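See the structures that follow.
Note that chain A is present in both complexes that follow, paired respectively with chain B and with chain C.
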Partner chain A sequence: MNTIIIEGLSFSLPLFIIAIGGIYSEGSGITNLALEGLLGFGAFFGGLSYAVLSRSFTGDPTTLIYASLGFAMIGGALLALLHALMCIKFKANQVISGVVINMLSVALTAFLANQINASFFGQPSNKFLLEVFPKTTIPLLSNIPILGAVFTDFYTFELIIVIVALFMAYLLYKTPTGMHIRACGDNPHALAAAGGNVQKVRFWSVIASGALSGLGGMCFAYSISTTFSPNIYMGFGYLAIAAYIFGSWKIGPTFLACILFGFARSGGYVLVQKLKLPSSYGDLVLTLPYIVTLVLLLFFSSANKPPRALGEVYDQAKR
Partner chain B sequence: MLKRTSLLKRLFILCCGKGRHQLLRTSLFCIFLSLLAGTILLLLLDKNPLEAYTSILQGAGILPKGRYAGRKSQLTDFMSLLNYTTPMVFAALSVAVALKCGIFNICVSGIMVFSGFMATVFVGYSNLDPILAKVLVVLIGALSGALVGILIGYLKHRFNMNEVVVAIMLNYIISYVVSFFIQTRFIDPITRQSVAVGQNARLTLFDHPVGNLKMEIALVFPLALLAVFAIKFMLDRTRFGFELKAVGSNSKASKYAGIHVGKAVVFTMLISGSLAGLAGVSYYLGSNASIQPRVLPSLGFDAIAVALLGNTTTIGSFFASLLVMVFDCGTTYMSSRMQVLREIAALIISILLLFSAIGIFFRNLADRYQQEAEAV
Partner chain C sequence: MENLVEFRHITKRFPGIVANDDISLAVRKGEILAILGENGAGKSTLMSMLFGMYAPDEGELYVRGRQENITSPLVANSLNIGMVHQHFMLVENQTITENIIMGIEPKRRKFGLFPVVDLEASHEKVHQLSLNYQLEVNPRDKIEDVPVSTRQRVEILKMLYRNAEILIFDEPTAVLTPQEIESLLQTIKALRDGGKTIILITHKLDEIKRIADRCAILCKGKLVDVLDVATTSIQHMSALMVGRDVSFTLEKEEHERGAEVLRVENVSVLSLDHITTVDSVSFSVHEGEILAIAGVSGNGQVEIADAIAGLIPVKSGNIILSGNDITNASVRKRIEAGLSYIPEDRHAVGLILDFPLKENLCLKQYYRPPYSNERGILQHEAMAELGRSLIEEFDIRTSKGNDTLVRSMSGGNQQKAIIAREINLDSKLIIFVQPTRGLDVGAIESIHMRINKLRSEGKAILLISLELDEIMQLSDTILVMYNGKVQTIKRANELTKLQVGEYMMGVHVEKN
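Let's look at the complex of A and B:
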């Protein structure tokens, strides 16, 4: 039981923060299929910064680990800048822009990782090795039966994610800025009439989604393989998209969806181990979140309300 | 009339401005821009870009190489290019047809895995007569692709589900389930892929002697050409093709005009799915012979952008696939000759697609410049 909760949370929370990124972008009216590419590029940037800094930095390595999370956010934001430019300035089809950004991210990281490893570090490899992320246990809370597992042996990045997520939720639902973002997604003309700048709000929302995806991607890189390698592109970005669509573009329900995905995954793995099935049955377990989403969407797709102006290019002249 | 505008602007208007073949000219302009970006990249790496581009063309069999290995020639290189292009043509057509109806088919990769797996299981390991086996492979591929396509179309029409989401879910479900079956039943312990299919079922003849050469012959390439013209005929000359495009440009208006929107959507996805299925069999039982578990072919995603580069027209998609595959095939030769990383091809291709995604911006900008110029 404890393993299910511990493993499940360490998967759900990075997924959740990426999904929040998606909610920010789509909530402001820009379709974001690029989450997969953004999280990969963020992880690449974080991994690169770690590889570069660890050569000259002599202090406590945990500082570097936390710094690399910050660099990952910058990396994600950089690629998101491209998506924002394509969608807002160049008025490209947002779905297509997202797909192209994903392809670009895969190609760019593969090329750069190989090239940098070969020409600066002198080794033919497409990976950046990372440290194991520090884990902690909160003393008293972890003694609570069952729920205590939440506070046992967790990666400290989970704490960071929770704090960032709470802040982003507060920003989106309780502040004027958040109101502007949501207005941008539902009725950009109303925002323009109220004196807001639609393009600017959308631009920063997309950048925010890139930064959050980068953070999530870096956490995946730490928790799953402790390397940056092209294996980071395993479809977690698409899973995050499924999560927020499932959660009807709201942060609360999306959290539940992410928890469901994470626990279905870790629970399935534990089940496979307990029943002593061969490890290939893990593949069937991995389909669970997708099947659950598909079936639930079948029943609830009429209740599913995407932002009304989602995917539309903002045109001042159109009413 | 255009006297006062600068030379650069005039050139730009010439490239992307209004007039005949505006779409084609914009695409060519995008190709030019991405080649320029590639040139800068190669210069940064301290390589000669002209030599690099020439060796890409040589590797793809468009230009003759300096010397050839025994029983190889420019023709064999070109035939191998056609072999790798075949699945891309099918996949790009599949995306293009769906886009004409306003559906974004992102499931091509998943469908490819599904149809490839079905054909492998049912025909690939049998001892059927080669001709019968090949025909069966094509039929099973088209049929299984069509089934998935119909499922997506039906879910979209009946339950109003977003096709992109359905397609993404299906991609992963198919990928993992197929991977499960491969790993439990059909795994080759050495290659960690599915057991290679028999020669009788393969749609490509490898090392086939023609004269004194040994070449790869893609048997379904003529079928791909046929599909290009058949789809073009359907879109331009038939009632269904018209309905399909009408639904794509405005589904409400077509509904009031008496078109069965649901029927059009489901049929379009049937066609799109079966094309993707053909892409799958020509990939997994043609240019490759086995399926790698847990991997969605990137070709299915590249096809989206390729169709876009071809302005979602049939003929355009064909030439765009050819162009992208020239890069893909020629790079192996270039990277071995010039010590450039192989990944640079994927990078140049994605830059190309990036530019073609903002083609509409170029066209609008050119229109604006033209208006400004005429107003002066």
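Let's look at the complex of A and C:
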């Protein structure tokens, strides 16, 4: 049971922060299928920063580990800038822009990782090696039966994600900024008539989605393989999209969806071990979150409500 | 009296037309000034400039005696100018309060640290405001859960919350039922009596007569006259607006009705929430007969029309068109059996707004020769031919003829396009749902004449309307619906307008 919770959370939380990124972008009315590409590019940028800085930096390596999260956010935001420019400034089709960014991200990171490794570090490889992310256990709380596992042996980035997620929820639901973002996704003309700047609100929402995806992607890189490699593109971005769709573009329900995906995955692994199945069945387990997605689709598709103005190009003249 | 706003020699051009041509007009403090004109006369454009949505090409705007450059709605707000748009500018998934305070949210600090929107205080403030002006709303309701009339009240409160002194209403009654219109007119009057200045854009003469102090008449972008409403007759105003005299009575020839075309037998319809909206309704329509269904909005009239047209399923009963049972037939089968349908909602059901006019005119025939050949390839020349002849015959006014995007056409011309398409099908039965809704006097007159002509040609016509005058003027037989049931069905000459009104309110219950 403990393993399910510990492993499940370490998968759910990065997924959750990426999904929040999606909620910001789509909540403001910009369709964002680019989460996959954004998380990968963020992880690439974070991994690169670690690889470069660790050569000259002599202090405590955990500092670099935390710094790499910040660089990952910058990397995600940079690629999101492209999506924002395409969708808002040039009024491109948002679906196409998202898909293209995903493909671009895979190809670009593979190319850059190879080139940089070959020319600067003198070793042909498409990976950046990382350190193991520090783990911690909270005394007392971890002694609670069952639930104690939540506070046991967790990556400290999980704590960072929870804090960032709480802040993003506060920003979206409690502040004028958040009200304006949600208004943009429902009826941008209403915000414009009230004196708001639709383009600006949407621009920063998309940038935020990039930064959050980058953070989530970097956490995946640490927890799953302790490297940045093209294997980061495993469809978690799409899973995050599924999560916020099940969560009806709301942060609270999206959290539950992410937990469900995470536990389905870690529960599957535990099951394979318990039944002493050959290790190749582990691959089957990897499909579990996606099968859960398909099953949930049957029940939730009709109930959820996307933002009304989602995907619509904002045109002041068209009312 | 003091002039609050002055338009001086305002000209505004759009590609292809002059929307406003050298207009000089003053708005006095504390009056209700009506801006009257046909669709496309330039009323909304003129007021949009006052609200900062467009900039004039020539001329100046004076507010409180000072020349102002109103470059955005924000500037208009700061000059205490507010506007209720024809299409509401509301965020549907937020509460009434959130909509009203948007852009000028009051804040407080949670735990003395985090700034948050002070919703509690805002709810209270909105509640007070709604009490003060007797505009009843529940601040905590979400917009998507409240009816159109409440949404309009929210728009008015939004202006008042921003301390607007000059309130512009753009065709505010177009979306309302008769009772709601009544209460809105009272509200507008009360606002005027409370010291606000009101500009009312409309083409409904009776509303102007009832509440406006003065009336500015626009015709084809030019200011024709500014009149004192109290001393001017409705006929005079409408003549100025259309640029000619409008006859308010229709010559109807007497003739016997012919064979039965449509028979509706005990039809019941359920809404999506499984509420019975049409309850066991029976009637029949004959050749050369106009059967009008009267009723207060939402009593099942539109649903019965949709059921006959095949847009919604019937729960029980039969619909028989020219001897064929079409109860469960596909929409295309119904059309081919001889049914034309002019729907209530032009935009959602009647037209594909982003298609060119010629394709919209061919929407019900495109799949058969001569518009498609036997291999299923569209024949654009045949479509264009059809388009040209219908544009000519029905006087559809457009900027680019066949290739005009329907979205860019005015409401009246969009309606003409639908009517042209449906009449061209040469069906036995033609259903008109609210055919003159939102149209100006000239357009209404031409549609009425068109319906009357179809009757003379022996078509069976089912007319559904909320306008009692329209029903009294056109119909041979009147059916009144109340709560989804038939209240009465009688020859038109056996009923007075007053009696129909009583049936509509459910005063008499007919015993069968």
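A few remarks follow.
Everything that follows uses one rule, which is that the second predicted complex is superposed on the first by the 319 of 319 C-alpha atoms of A that agree within 3 Å, B and C clash if a C-alpha of one lies under 4 Å from a C-alpha of the other, contacts with A are read in each partner's own complex, and residues count from 1 in each chain.
Criterion: a residue touches a chain if its C-beta (ideal position, glycine included) is under 8 Å from a C-beta of that chain, and two chains touch if they have at least 3 such contacts.
As the structure is a prediction and not an experimental result, all values here were calculated from the model.
Of the two partner chains, chain C is the only one that A:Arg308 touches; chain B does not reach it. Of the two partner chains placed by superposition, only chain C is touched by A:Lys174; chain B is not. In the superposition on chain A, A:Ala242 makes contact with chain B only, while chain C stays out of contact range. Set against each other, chain B and chain C touch different numbers of residues in chain A, with B touching more. When the two structures are aligned on the shared chain, A:Ala193 is found in touch with chain C, with no touch to chain B. In the superposition on chain A, A:Leu104 makes contact with chain B only, not with chain C. In the superposition on chain A, A:Ala67 makes contact with neither chain B nor chain C. When both complexes are overlaid on chain A, the residue A:Leu129 reaches neither chain B nor chain C.
Once the two complexes are laid over each other on the shared chain, residue contacts for A:Arg182 go to chain C alone; chain B is not touched. Note: no residue of chain A belongs to the chain B contact set and to the chain C contact set alike, using the contact criterion stated above. Here chain B touches chain A in the complex through residues 45, 104, 106, 155, 159-162, 164-166, 168-173, 176-177, 179-180, 183-184, 293-294, 298, 301-302, 304-305, 308, 341, 343-344, 346-347, 349-351, 353-354, 357-358, 360-361, 364, going by the rule given at the top. Listing the residues of chain A that touch chain C in their complex gives 170, 174-176, 179-180, 182-183, 186-187, 189-196, 305, 307-308, 319.
The touching residues of chain C, when paired with chain A in their complex, are 72-74, 77, 85, 87, 89-94, 98-99, 102-105, 107, 110, 114-117, 158.
Chain A meets chain B in the complex at residues 33, 82, 86, 89-93, 95-97, 99-100, 102-104, 106-108, 110-111, 114-115, 118, 235, 238-239, 241-242, 245, 278, 280-281, 283-284, 286-287, 290-291, 293-294, 297-298, 301-302, 306.
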